[in-house]
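Structures are listed in the sections that come next.
After this come two complexes, each holding chain A, first together with chain B and then together with chain C.
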Partner chain A sequence: MSYDIKRSVSLYSYQDEYYDGRLDLEGCLKETAKTGATGVELLAEQMIRRFPLPIETQEFRDQWFGWLKEYGLEPSCYDAFLENRIYDNRTLTLKEQVNMMKRDIRLAALLGFHNLRTLVSTPMDVIEGSLEYAAEQDVKIGLEVHAPFSLNSGWADGYMEMILRTGTKHFGFIPDMGIFCKNIPSVLRDKARNMGAKEECIKIVDDAYAKRLEKGFVKIKYDLDLGKANMEYRMANGMKEMMEAVEQAGGGPADMMYAGSSFTYSWSEPQDIIDNIDYIFHTHAKFYHVGEDYAETAVAIPEVVEAFKKAGYQGYLSSEYEGGEHLRGYMQVDSVEQVRRHQEAMRRAIEGA
Partner chain B sequence: MAGRQIYNPNGFHNMEKDGTIIGYEFQFKAQYYRGITLSIVRDIQIEVDGEAAAREDIRVTVNGEAFTLEEMRTVIDPEYRWEFGDYATVSVKKEGGLSKGSHHIKALQIIAPSYMPFQVEAVCETDFVME
Partner chain C sequence: MFDQYLIRKDSLQNVYEDGKAVGFKFAVRIADYRGCFLSLHNGYYINCDGVEYPREVQKFEINGKAPRDFEEIKTCVWEHWNYDDEGFVYVTKEGGLAPGKHTIGLQQSILAQYGYMPWDEEWLKNPPVPGSGAGAGKTAAICTFELELQEGGC
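And now, the complex of A and B:
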């Protein structure tokens, strides 16, 4: 099957430079273009001040489209945050949530995006209630499939049922490549060592991860109570036994941090991409650390890209750097270099060079 | 090499009113990755040199407007988002303020992004000198 795999950068990747004031929105677009990517993914709430007011103005939109033209970028995906607990004393009603979703769909369309990322916590009714408007605005709503969630799971089946029942062409999945971790990211291990973790404990955790990988991860169930679903998932994957082993080996806070955090990573079979390709129109190419040799220490980039090729994927792989969160406590993060390397790693996998 | 900067190193001051020192203030950035409405900042707890500030003595200023923690619960206007990468100014009422010399601050930011099954709780600590 013929494929058309394009590269994008999610500006989420540059958050440390933005936080420090070393890059502004235009600076991020400039860096994106330098990597050879042709797409840009935006978190409007991250880099557009006084959100959403500027998006409503022609002046801002002229500037935005001017930048896109200048740097040769196409809008790939708008990342929305359905703040349905914006008040501390209640959850917004279904109608309020649908209105918020429609607002985000409209803002995405105003900035030229045809894909909108919604988070795993988005209730099914809110998505269903927004589909007609999404079709009108020519924006597809993509549910992020982020670890510990996975495609081909009881959790995903619920959404699949809705897609088939409604026949919608405006809803699907946005896999986050963090669901394809062969190892625990090196940066997490570096942080644990920096905090004083014991090699013996690190080994227990790494071995347990390898064992989960070998046996296959037990998948997470559909439950709007994400905390409960997550805890059940962790227990089903042997968290209790592993934590006890770390404790018996004399594990301290650093070891417990490493052990607990290891459950935020998971491995799915790349075949899941092929099985669900009709419902995938954008992808978060999550990554944690790419070395000078252009190898990712956790995410199996070549295998996953191969699956996208086989499936005939037509869409973007959008770099989403998340290694910085483990480093920023003790060193300056260089997202610009990490994204550059990641784009090159993806280019090689896509072009087979 | 040091990690990211949370506090503005030049942001620690005593506050004066009619010739009397009525408290102190500092500036810090939200430890989260996007701008947020103040309504999802569920709490800010402050200890200086081990002494905890009372909740009602705390004010948070963004874009020129000061809010109590109680008021922040309903602040959702775009004008008063705590922008990503921006300092908010926090003031604490305290007779006489802080003495000249070295101090240690430990503040806790509790932020509740709707999609997370748990709250973001960031402990923010630093040493500083009051001039």
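And now, the complex of A and C:
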């Protein structure tokens, strides 16, 4: 099957440079273009000041489209957040949440995006209630499939049922490549060591991860209470036993941090991409650390890209760097270099025979 | 997440009214990876030199407006705290702080959507009191800062 795999950068990747003023929005776009990526993913709440007001103005939009033209970039995905706790005394009603989703769809369309990422916490009714408007605006709503969630799971089945029942072409999945981690990312281990973790405890956690990988992760169930589903998932995957082993080995805060955080990564079979390709139109190419040899320390980039090729994927792989949060406590983060390397690693995987 | 940037190191100053010190203030950044609507920001856990200062004695200054208490902040539903903007936390304390070094324990509480944390459902029913373990973004720790009181202030 013929594929058309394009490369994008999520500006989430440059959060450190943006935070301390080394890059502004235009600077991020410029860096994105330098990597050879042709797409850009935006978290409007991160880099558009006084969100959402400027998006409503022609002046800002002219500037945005001017930049895209200048740097040769296409809008790939708009990342939305459904803030349902903005009123102190209550959660937003269903109608208010649908209206907020529609607002985000409209803002995405105004900036030229045809894909919108929504968080796993978005209620099904809110998605269903927005589908007609999404079709009108030609924007597809993508549910992020981020560890501990996975495709081909009880959780994903809940959404598949809705897709099949409604026949919608405007909802699907946005896999986050953090669900294809063969190891715990090296930057997390480095941080744990820097905080004083014991080698013995690190080994317990790494061995437990390897065992989960070998046995296959127990998948998460569909539940309206995501916190509960997450805890059940953790327990089913042996978190309790592992935490006890770390404690018995005399684990302190650094060891417990490493042990607990190891459950935010997971491994799914790349075949899941092939099985679900009809419902995948954008992908978060999550990564944690790419070495000078262009090898990612945790995410199985070549295997996953191979699955996208086999499946005939038509869409973007959007670099999403998340190693910085583990490093910034003790060193300067260089997201620009990390994204450059990651784009090169993806280019090799996509263009390789 | 951006824990070590929460307080700007050279920003601790006393606050004066009619020539008398009535408290202290320091500059903060958002600990999450994005901005937020102000009403989601429900205060700080603040411990200065072993004394806790609850939300009732805290005020927050942002967006060029005079410092507002958190009863008012929670009504600022559509006002945005930009990711790259610094705000000031004001704490009422008669006489202010003595010159020299001070140890401040801080946790910022922002009830933004994160997605799937075990505490999410609980937050809907029972918003956390800052310091009880819920922080901004992924920051659930109380961060400690050693700060030197700066001259001046207003």
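In this text, the second predicted complex is superposed on the first by the 351 of 353 C-alpha atoms of A that agree within 3 Å, B and C clash if a C-alpha of one lies under 4 Å from a C-alpha of the other, contacts with A are read in each partner's own complex, and residues count from 1 in each chain.
Convention: contacts are C-beta pairs under 8 Å (C-beta built on N, C-alpha and C of every residue); 3 or more make two chains touch, one makes a residue touch a chain.
For clarity, every value in this text was computed on a predicted model and none was experimentally measured.
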Handout entry: First, second, both or neither for A:323, with chain B first and chain C second
Key = neither
Practice task
Quick one: classify A:15 as touching chain B (first), chain C (second), both or neither.
Solution key: both
Exercise for the section: May I ask you to decide whether A:332 touches chain B, chain C, both, or neither, giving the answer as first, second, both or neither? Expected result: first
Exercise for the section: Mind working out whether A:315 is in touch with chain B, chain C, both or neither, as first, second, both or neither? Expected result: neither
Practice task
Check the residue A:146 against both partner chains and state whether it touches chain B (first), chain C (second), both, or neither.
Solution key: second
Exercise for the section: Examine A:185 and indicate which partner it touches, taking first as chain B and second as chain C; both and neither are also allowed. Expected result: neither
Problem - chain B and chain C footprints on chain A, overlapping residues - result: 12, 15, 18-21, 43, 45-47, 49-51, 81-88, 119-121, 225-227, 230, 328-329
Problem - Interfacial residue positions of chain A with respect to chain B in the complex - result: 12, 15-16, 18-21, 43, 45-47, 49-53, 81-89, 119-122, 225-227, 230, 328-333
Completion exercise
Touching chain C in the complex, chain A uses residues 12, 15, 18-21, 43, 45-47, 49-51, 81-88, 91, 119-121, 144, 146, 148-149, 225-231, 325, 328-329
Exercise for the section: Please name which positions on chain C make contact with chain A in the complex. Expected result: 1-5, 29, 33-37, 39-40, 74-75, 77, 80, 82-85, 111-124, 127, 138
Problem - chain B - residues contacting chain A, complex - result: 1-5, 29, 33-37, 39-40, 42, 73-74, 76, 78-79, 81, 83-85, 112-118
